[in-house]
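Naming follows writing order (A, B, C and D), and every chain is counted from residue 1.
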Amino acid sequence: MAMDLKDWFSNRRKRRERENLVPKQPLSNEEYCALWKQCFQCREMLYARDLRHNLHVCPKCQYHFRIGAEERIEQIADPDSFVEIDQKMDSADPLEFVDTDAYSKRQKQAQKKSGLYEAVLTGTCRINGHDAALGVMDFAFFGGSMGSVVGEKVTRLIEKAIEEHIPLIIVSSSGGARMQEGILSLMQLAKTSSALKDLSDAGLLYISILSEPTFGGVTASFAMLGDIIIAERGARVGFAGRRVIEQTIRQKLPADFQTAEYLLKHGQVDMVLDRLQIKETLANMIQFHQPLVEDPNRAFSKNGRSKVGSRTKK
Amino acid sequence: MAENKPIPLEFEKPLEVLSEQITRLEQQLVSHPELEADIEKLQEQYSKLKKSLYSNLKSIDHLAIARHPQRPYTRDYLERWDPNWLELHGDRKGSDDQAMVCGLVRFDDELRCLVVGTQKGRDLRAKQRCNFGMPQPEGYRKALRLFHHAEKFGIPIVTLIDTPGAYPGLEAEEHNQAQAIAVNLLELSGLTVPVISVVTGEGGSGGALAIGVTNRILMLEHSVYSVISPEGCASILWRSSEKVLEAAEAMRITAREILALGVIDGVIEEPLGGAHHDMDMAAANVKAALTRELKSLLALSPAEIRKDRQNKYRKIGAFVEAN
Amino acid sequence: MAMDLKDWFSNRRKRRERENLVPKQPLSNEEYCALWKQCFQCREMLYARDLRHNLHVCPKCQYHFRIGAEERIEQIADPDSFVEIDQKMDSADPLEFVDTDAYSKRQKQAQKKSGLYEAVLTGTCRINGHDAALGVMDFAFFGGSMGSVVGEKVTRLIEKAIEEHIPLIIVSSSGGARMQEGILSLMQLAKTSSALKDLSDAGLLYISILSEPTFGGVTASFAMLGDIIIAERGARVGFAGRRVIEQTIRQKLPADFQTAEYLLKHGQVDMVLDRLQIKETLANMIQFHQPLVEDPNRAFSKNGRSKVGSRTKK
Amino acid sequence: MAENKPIPLEFEKPLEVLSEQITRLEQQLVSHPELEADIEKLQEQYSKLKKSLYSNLKSIDHLAIARHPQRPYTRDYLERWDPNWLELHGDRKGSDDQAMVCGLVRFDDELRCLVVGTQKGRDLRAKQRCNFGMPQPEGYRKALRLFHHAEKFGIPIVTLIDTPGAYPGLEAEEHNQAQAIAVNLLELSGLTVPVISVVTGEGGSGGALAIGVTNRILMLEHSVYSVISPEGCASILWRSSEKVLEAAEAMRITAREILALGVIDGVIEEPLGGAHHDMDMAAANVKAALTRELKSLLALSPAEIRKDRQNKYRKIGAFVEAN
């Protein structure tokens, strides 16, 4: 179930320029582009370094720019604390799939274009001092679609969290399953969910963060299985894409359909957060879910309940 | 049980022509006994054509058989397996999704199970009632309720899969279709009773998998299983709804191909021409396969059964590790 | 939450006499009344003994007459197999409650009128040879309302089922909580549900049968907690009564509101059964939920899973 | 925190009259210093009246205070206990019932808990959004989701009860209000973390109990708890909606009466005149009581905590066994 690319691009276009803001300024040359970036929403020209310091959120209108996995990790993990695992796992081409071009060729192109091996980065890190397993998807690689590599890396990350007894955090962003791997890509939904069952039985905390956009098989597996689910402001999330649904029900969908706020209203996420709140909230929740009482004399902390939460580095 | 004459599919048209020719000659046989030899020859030709036709099917032909309007559905199997099967209804929370049928079934004195299967509906009203076999989130939650029931009482589970997919509708999204599927994947993987699924028709994406995380996956010979419908794949990757044939081939959606990929555990033979040519035989074949597999799983301990299932999915995937 | 008596009486009146049936015959004298009973629905005159043999279901139109606890037990339990427990438990009057009359006086009247000690009979029995714990409520006693005695008797019945490791069957019929016992009656919901948690943890089967009418606190506790829930044909079941809801939402309710068929359509019950199907189905389900394989060499039957179902008397 | 002046209730009118008289005299005090003695006398009278008024309240007066439109609601307590409390939303299945508020709260460095409470809404729009504090089945299921969350992570649970009852509506019945309540009763009784409830306003029947099966039940001094609203009881038993006073007395709905019946474990003192006269003090009183009770329960093992809760309810009831 792949979502429609047109969906989220069209949404951007629809957002209207605010009247009281600086009028659009046409871009002049490449140098200029590297230094300045125009906000999709309010059209303000933003200095690239400022934008980055503001976590790629427009300081004028709070528009959340889509960010890559590396930037996301930088925003969440304590400096230099991220240790990647399974860095160079590469897609195979089990079906020798060819559409208008060969899957193997498309993979190489995607790698070159994005500078990534695959659509997810996984590893361990610290978040305000708390150990955690962290996986971040990147929509820039093959629309964040889940094939065997994403499934395997996410599964290994979950296993790592169980092994090290640390909480798990996954930031999702995906158009759905990797069609070019056929039924193998579908089975990654089962594989990752099955690993999460073990994580849950081990009493470990899993926080799922839904970022723009998250659709299809990723939503229908690990993204929706968090103990706590956070939607980032501006994210659109769903199972089927807007256009597929409109074709099915032959009806206009509500304007806020599948937005973060819509998810909150329909009880699908615990909270909607601005990007600038995410790291603090993660640290706060990890801490909250640790057993507070470490005194071995108190029955409640020692009695059969599995230890949860993370170890905190002093 | 008397069945309606199978409606021929497009690729079966040559057979149909031949069959009509034979019928015409047979009608003249009384007045023209000399036709007997011709008829015999034609009948031989017919048998040959039939065999070669059904042993050289393209993916798209399998797809057509899998979607045949006379294909047996879950209720057809249940009636044949146990005329006294006991249907259990509802998610307890407001809905009884007719696209998801659940019931307690006795295979024999030794073997009983919970059957959970999608249902497409035969006539138009039934189709609408069953939403053309596309469950709502409530359907998956109804199934989950009964999975937990079976787990509690140590009852093995059989799931029958024949769905274009989970319903892509406004209410379905509101009620969190994705979550309904995801939770089933997680909960199924934790069960300690044996669970076996059979793809009896279309195995459509996450909507199929939501009742398909099982110790053994079997597919009927002409059934298909895919991550997206060939139509959907064609329109996205080829940007053309006419490339269904190419998409179907490229995705490897047929039972034999998926067996070769190591994802499923067996292919159940269908009556020549497809399960709708002889529902009784199809039902008997599926029951025999299920009985065999269930009995072998029942020799395992609950913990082993869960481990067996998790191991199965843990191994699926194709990737390369560079160093 | 008590339901409205008018509700279920009015429904009877609404049912129309069928044209092709025998015209009404006015009742003549007491003797006649004892021998003959008129169907509420089709107005057919029915010979009392025949009606009883047909489990108080009209043979013409299948109208299900309301029956008392003793008749229900007769219909479900094997002959002479019912052994009552806590037979003579009697209501106290903890609040010394007086409305237009004293609760203590009303209790005595209810006992005299109904020939029952309280609104539920409990005990053990056999059903087609299968041992079971059986509780049956009687609407004739105080509208089947749940006070301390009903709560205590049902709780003890559940404990009996756990102790004897036999399945539990409860036939509910109730207008709600016993207002005259105030907060104590409300707490019976918690007490019975809490006992059912233990039953469930013991892996024992509980089948709940909803009979006309079941409302309020009984529905909101043990009646809705069956592993299998059966609604008897003709039963109306809900939390709030029809009139309370109509007053709240100021709207007409659907004609089939809170009927057995409505419950089925809205996924609240596993099945709707005619009275004549109940005993067979109970026996069938008890048998189905027993472990089939008793061979100790087969791992599945011996391994950690708690034994369920009943012992069968040969 | 600055609060609105408490709106006087019917039975508080004599106080109000006196208070107005005092104010009038005080305004004249500058020009008529001789009034000082009168004012002092009146103020003494006022204090006396106030004390005697609030120590001789009828059931129906408690009811009025419990339903006072300025009474502190769940969010008022949460803000005062932990300004950084973290709200958790939704049943994950299509609904986020605003009548049921859930959040993670830190009492101090040593004590954190999940708070689940009903919410009535202060202004008209909030009231409508919160459905006047009457949860839908989805509200109870949202609470249940978070009860299970707390159980998984060993987090103690506090529930705050102030509801006229579960919503009696068409959709509520469709979605099985009775089952939503019943399942909560059962699941709450199986938890192994400490659970404490406080009736802060109205404890309305099954809709209150659905978050009220707890190790300890506390009631605010002027709160009420009953099996049916006094209005409902009057109209059924007296067949007159004017007999609310009688019904309220007969059912014994006040904190002290219910304590005497042995159903609850303690009464929390309110500021004179009721919690709405000083929300900060009310919140502090409740927090102190909760801290004390939680700390004592945390000394028990998980199994003991469950047993403690079940024993509590096992004992409630009044009956006679003849022999």
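Operating definition for what follows: a residue touches a chain if its C-beta (ideal position, glycine included) is under 8 Å from a C-beta of that chain, and two chains touch if they have at least 3 such contacts.
If you're wondering where the values come from, they're calculated on a predicted model, not measured in any experiment.
K.L.:
Hey, what chains does chain B share as contacts with chain C?
P.N.:
Chains that touch both chain B and chain C, as defined above, are D.
K.L.:
Farthest chain from chain C, going by mean C-alpha coordinates, please.
P.N.:
A
K.L.:
Does A-D or A-B have more contacting C-beta pairs?
P.N.:
If we tally the C-beta pairs in contact for A-D and A-B, the bigger total goes to A-B.
K.L.:
Can you check how far apart chain A and chain D are, centre to centre, with Cα atoms defining each centre and the answer in Å?
P.N.:
Averaging C-alpha atoms per chain gives centres 41 Å apart.
K.L.:
So how far apart, in whole Å, are chain A and chain B when each is placed at the average of its C-alpha atoms?
P.N.:
Averaging C-alpha atoms per chain gives centres 34 Å apart.
K.L.:
Using the average of all C-alpha atoms in each chain as its centre, how far is it in Å between chain B and chain D?
P.N.:
55
K.L.:
Where the centres are mean C-alpha positions, what is the separation of chain A from chain C, in Å?
P.N.:
The mean C-alpha positions of chain A and chain C differ by 52 Å.
K.L.:
Residue numbers in chain B touching 2 or more other chains?
P.N.:
Residue numbers touching two or more other chains: 92-94, 174-176, 179.
K.L.:
At least two other chains touched by the same residue of chain C: list those residues.
P.N.:
200, 224, 266-268
K.L.:
Classify the chain contact graph as line, ring, star, complete or other.
P.N.:
It is other, because the touches fit no line, ring, star or complete pattern.
K.L.:
Which of the residues in chain B come into contact with chain A in the complex?
P.N.:
165-170, 172-179, 181-183, 185-187, 189-190, 205-206, 209-210, 212-213, 225-228, 232-233, 236-238, 246-247, 250-253, 258, 261, 263, 309-310, 313-314, 316-323
K.L.:
Hey, which residues of chain B end up touching chain C in the complex?
P.N.:
Chain B residues touching chain C: 84, 86-97, 104, 106, 109-112, 138, 142, 149, 152-155, 192, 298-304.
K.L.:
State the interface residues of chain A toward chain B in the complex, per the touch definition above.
P.N.:
1-2, 86, 88-95, 97-100, 148-149, 151-152, 155, 177, 179-191, 193-198, 200-201, 216-217, 219-225, 238-240, 244-245, 248-249, 251, 253, 257-258, 266-268
K.L.:
Can you list the chain D residues touching chain B in their complex?
P.N.:
Within the complex, chain D touches chain B at residues 92-94, 137, 141, 174-176, 179-180.
K.L.:
What does chain A use to touch chain D in their complex?
P.N.:
That would be residues 200, 203, 205, 224, 227-229, 264-271, 281, 284-285, 288-289, 291-293, 298-300, 303-305, 308-309 of chain A.
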